[in-house]
Amino acid sequence: MIRPSGRAADQMRQVTLTRQYTKHAEGSVLVEFGDTKVICTASVEGGVPRFLRGTGQGWITAEYGMLPRATGERMQREASKGKQGGRTLEIQRLIGRSLRAAVDLKTLGENTIYIDCDVIQADGGTRTASITGACVALVDALRSMKKRGAIKRVPAVQMIAAISVGIYQGVPVLDLDYPEDSAADTDLNVVMTDKGGFIEVQGTAEAAPFTPQELNAMLELATAGINDLFAAQLEALAD
Amino acid sequence: MIRPSGRAADQMRQVTLTRQYTKHAEGSVLVEFGDTKVICTASVEGGVPRFLRGTGQGWITAEYGMLPRATGERMQREASKGKQGGRTLEIQRLIGRSLRAAVDLKTLGENTIYIDCDVIQADGGTRTASITGACVALVDALRSMKKRGAIKRVPAVQMIAAISVGIYQGVPVLDLDYPEDSAADTDLNVVMTDKGGFIEVQGTAEAAPFTPQELNAMLELATAGINDLFAAQLEALAD
Amino acid sequence: MIRPSGRAADQMRQVTLTRQYTKHAEGSVLVEFGDTKVICTASVEGGVPRFLRGTGQGWITAEYGMLPRATGERMQREASKGKQGGRTLEIQRLIGRSLRAAVDLKTLGENTIYIDCDVIQADGGTRTASITGACVALVDALRSMKKRGAIKRVPAVQMIAAISVGIYQGVPVLDLDYPEDSAADTDLNVVMTDKGGFIEVQGTAEAAPFTPQELNAMLELATAGINDLFAAQLEALAD
Amino acid sequence: MIRPSGRAADQMRQVTLTRQYTKHAEGSVLVEFGDTKVICTASVEGGVPRFLRGTGQGWITAEYGMLPRATGERMQREASKGKQGGRTLEIQRLIGRSLRAAVDLKTLGENTIYIDCDVIQADGGTRTASITGACVALVDALRSMKKRGAIKRVPAVQMIAAISVGIYQGVPVLDLDYPEDSAADTDLNVVMTDKGGFIEVQGTAEAAPFTPQELNAMLELATAGINDLFAAQLEALAD
Amino acid sequence: MIRPSGRAADQMRQVTLTRQYTKHAEGSVLVEFGDTKVICTASVEGGVPRFLRGTGQGWITAEYGMLPRATGERMQREASKGKQGGRTLEIQRLIGRSLRAAVDLKTLGENTIYIDCDVIQADGGTRTASITGACVALVDALRSMKKRGAIKRVPAVQMIAAISVGIYQGVPVLDLDYPEDSAADTDLNVVMTDKGGFIEVQGTAEAAPFTPQELNAMLELATAGINDLFAAQLEALAD
Amino acid sequence: MIRPSGRAADQMRQVTLTRQYTKHAEGSVLVEFGDTKVICTASVEGGVPRFLRGTGQGWITAEYGMLPRATGERMQREASKGKQGGRTLEIQRLIGRSLRAAVDLKTLGENTIYIDCDVIQADGGTRTASITGACVALVDALRSMKKRGAIKRVPAVQMIAAISVGIYQGVPVLDLDYPEDSAADTDLNVVMTDKGGFIEVQGTAEAAPFTPQELNAMLELATAGINDLFAAQLEALAD
């Protein structure tokens, strides 16, 4: 089996995390997984949704979008269509759930952090890149809250990262790009914490069903890949 | 550990599949997983979405809804809100993908089968009950197509069924009802074929992350439960 | 003249009212007029619309929907279309007005009762079946309010019921099913109180205009039919 | 009983029908029932809705709107709210049904006539004024079609007119203005043909239910009033 | 060059301003620029948008619409389409900005004045006619506020008026009607105060770009035309 | 007068045009006017809007958006709000009109070029930066059409560029950034061709009205600035 990308089965694409990518947001990161490029911002606002008012607890929520020509064929702009599609809603719900697992929301006070992930160039894996980049933007936002006194200390964050794995021509492979994803039999997105636990595991058989053995092989590949992502996050945050 | 429902960890709720539940649809099934009750219909229409026109291939798509008072507190009707929520879209995409795996779409000719799953009473597990019931409705619809000559033979169907499993107070348990689901640490929805392969595996850590060992234990429970569902489907279809 | 249904001109279909049909709602009734089947729930919530705040008065409002395949041909789901059609809005306004006539709203305190009528199988007369069934669900909801102390006593309810009548091949007939309704010259929906007064009278000439004499003949038929419905409601509530 | 307007119980307001009120539409009428003023236009377009294509038959459809400050308090503009309310949809469906009864649609060829009724000043009875005015605009549109050869002859039109009646302080009264309508016990809208038949009868008990005797008294008043409207229409069309 | 309208290059159409055109609004003006006819109302409501609450300052906002058959071909009703088009939003933003320049908003107290401009017949120049008529309606609304004591004195109003100019067959012309506008090379809308300053200048090259010289020639024409409009406004307000 | 930016009155910000910024679009340019950064893509698709079918002529249309946190305070995402605001529609209409002036649409054949301008960081002047950058992306798209044979030769393009000017503390200044724009008395956006003609001139008095003299001074500043932009475009295209 030779991957369209020419990479080894367990080889990730080049990953880059650029902090302070735009100037207004409390946290702003450009994350690149090869040719997939996503701007992730974390914005802090006072107040929480109605169901949390008076609880002293904060909230983290996420929105996701793609520029119309982030893809090979231009997609219609969701703002002009008048609604977000099912895929968009599914992805932003996943990002929000994943990042809420990163922080003890009680330590935020009644503040909301909005995560915005906007794909400016897509080549597969946009949701996992988004989660990985947004976690770094979240840390920057928490630090800025601490700096201006909105919280007393930066809450302990359990770092979160995500990668996709799949079965390509019968072989488990790591970090699918778009041509690989389109041709894969199975696509599995994995979100983990830096303590080694799973936050989300979402596998879909695109063609043939997959076996428990294949699932375990994919999870091992994902675990290894995500460990590299944690290293990249730490390095970026150390600058 | 004692489950709120009093069931053993590996014990499913009573499952009932009532065919020909309403009279107009080509397939119409009331599926009950304990107190969860869903009407699943399969409707056949000539024609396919634009991207399939001229290919000779058919299509299966799904929609999901809840009656406003299917739940403990009344939810706002999506039709009057003017849009379907993210949870609804996520579930109906899952149902559609799962059922498309049941049939070789090429054998349908240029026909579309609409699956509608409407929850009339909810007590946890509505999406897995929907998939399990809809697969029976789909078979009835295919038989009706054969009967009126729209297709030459009923295509070989790979039966599909689904169940939820979770970690409740540290113990893997099968088929969570609403009180269990609300209190579970992890929630995993599993869709399988009667050949034993996975179609979808979607696990979410609600509180603590889960380990590979816990994942495997849940998948084993799910596999056993789904086998019982296949038996129930066959029995219903044999009537 | 022989009706498609074979019924006598003044003969209603079999009417069934099943209380406590679903478990969550304060009132929940399955109403059947022959093959027309509607789930009617009454849900109690504290608070009233803005225009009633501070008046001490309650409110009753209604929503109506059909499952996509309640009908012979599948209709598009209103939630996915993004709006309720004119027919739906017209019917739910009629149901709401009718039920508000049943109770002195001042006796409710600042509570709102939501009536939801969802047609699971349609065969003509869904709006009149909805009103008839919803009135029973309303009584159950009022009793539950009394039970949990939200109101001191169950307000005196003027029972409300409704039936359709029409001119079929020149002859006034009672309780049209779908084939009769489609072929009728005139369709008249009548809502009455158990004191014998009219709440709503809505007649439409589908083909030929109708005369005052025909109108009176239809109203007499309707009055007789509605009296039978009051008997069925009382019997159901007596269980 | 003295009506707020000071009119006798069977006295209509001053009715005016001004043809060619605006210059672009094939038919354009300003109809005034006292202080109620509605611009009714009839616009002819080639083609019919999908369900009529190829049948050789035409179609008539109606839309209704109010200028935001046609009323005592400004109402939000439906175009900026993003949807038409239930009252609007109910009224425009009534107007459309009524006018389709005026003409044998087969004589139109595959053409659609759009009726637009826009209330510029409201003082009760806007829907009945709209129907009365729109029927005149419809005749003008048919004449213009004949003139430019789109149809061979102006189809025989059954004139349609409409009026509201009500029970005010126990007395049946004709043609309610807004203060009367707000205080009436019952409100009944009646649409008739110039042959004396009913097209629509829609009565609603606002406060106390109404009796068959009251209904008949109101229908008699309405019949007399509508006859005056037919005279006014004929006079306008004779100019 | 001969204009389609036969007017001289610097000749405006007949302008008419009819106050108290409808009875409910605090200010109500029918403005006519030749065959262009717009109903402009000014409605006063207590309260201001959220961003002004507590500031003691008032607000003026505008909405614009066209009756579907105000134009040569019927346009789809925006209320039934479910949204206002870009042209509509652009025009109503222009009207609002222009009128806010007429009054010192601080003198209004926390009140909002809604300007509604509804075109009942269109023949070019609807936006400039709207601004010119709405300013008169605004003055009437302010006077009514004074009369009922909502404000102590009528704030000094800087009268605002607007006209379109263009380049038609190479020649600058004043006040384009629809046939002229459709054939013009450039279209320029100018809003001025009666002190001689510009509030808005919006020029668009429809065909060939325009030069600074042409721009100045058009602005001179506009200034002369607007002075005539100020005279017409004063005359109307003097009645 | 000292500008908040410290620039001279006639001094523009640093302008950068980066071609091939993303990989999928036929034309893709990152344009920077100081801290204002916009991604402009030009996408070519076969076919034209309905009103041009069969004419052999092409079309250019534009859409504009801002990332939610492109600004100092996070704005709600238009896709999740369900509609584009008036400002967005106004800007994208301006961009589309301006670029359609750049090319003779007849030379495009029946192809549509979609211009997407997405602001990733805003600091004033986003619409003028968008037009300036999009014109370069358009040229690249035309060249790519030529390359793959969709058109025989690259049509002669009239380059288009745009800048904002204003009156700040009584002094005309060039290229306002956000703090300057917020405090300016007047804001004027100017779009020109490289032949020196005006395509659009849009001036708004934010505080005091402006005089013809001020207008002319601003236009002169704008003309000088736009000439620098043409130089930057040419240099970028020469690479």
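A, B, C, D, E and F label the chains in the order they appear, each numbered from 1.
Here is the rule we go by: a residue touches a chain if its C-beta (ideal position, glycine included) is under 8 Å from a C-beta of that chain, and two chains touch if they have at least 3 such contacts.
It should be emphasised that the depicted structure is a prediction, and the values quoted were computed from it without experimental measurement.
Trainee: If you walk touching chains, what's the least steps from chain B to chain E?
Mentor: When the steps are counted carefully, the minimum from chain B to chain E is 3.
Trainee: Starting at chain B, figure out the least number of steps needed to reach chain F through touching chains.
Mentor: 2
Trainee: Have a look at where chain A meets chain F and say same if over half of the interface residue numbers show up on both copies, different if under half do.
Mentor: Chain A and chain F contact each other through largely matching residue numbers.
Trainee: Could you work out how far the Cα centre of chain A sits from that of chain E, in whole Å?
Mentor: 50
Trainee: Based only on mean CA positions, could you tell me how far chain C sits from chain D in angstrom?
Mentor: Measuring from centre to centre gives 28 Å for this pair.
Trainee: If you average the CA atoms of chain D and of chain E, how many Å lie between those two points?
Mentor: Here the centre of chain E sits 32 Å away from the centre of chain D.
Trainee: Measure off the straight-line distance from the CA centroid of chain A to the CA centroid of chain D, and report it in whole Å.
Mentor: Their C-alpha centroids are separated by 59 Å.
Trainee: Got the chain D residues that touch at least 2 other chains?
Mentor: Where chain D meets two or more other chains at a single residue, that happens at 82-83.
Trainee: Chain adjacency by touch: line, ring, star, complete or other shape?
Mentor: ring
Trainee: Can you list the ring's chains in order, from chain A toward chain F?
Mentor: So, from chain A then chain F onward, the ring reads A, F, E, D, C, B.
Trainee: Flag every residue of chain C that touches chain D in the complex, lowest number first.
Mentor: Answer in residue numbers: 83, 85-87, 89-90, 92-93, 97, 101, 188, 192-193, 195-205, 208-212, 215-216, 219.
Trainee: Touching chain D in the complex: which residues of chain E?
Mentor: 22-25, 28, 35, 37, 39, 41, 43, 45, 63, 65, 67-72, 74, 77-84, 88, 114, 116, 118, 120-122
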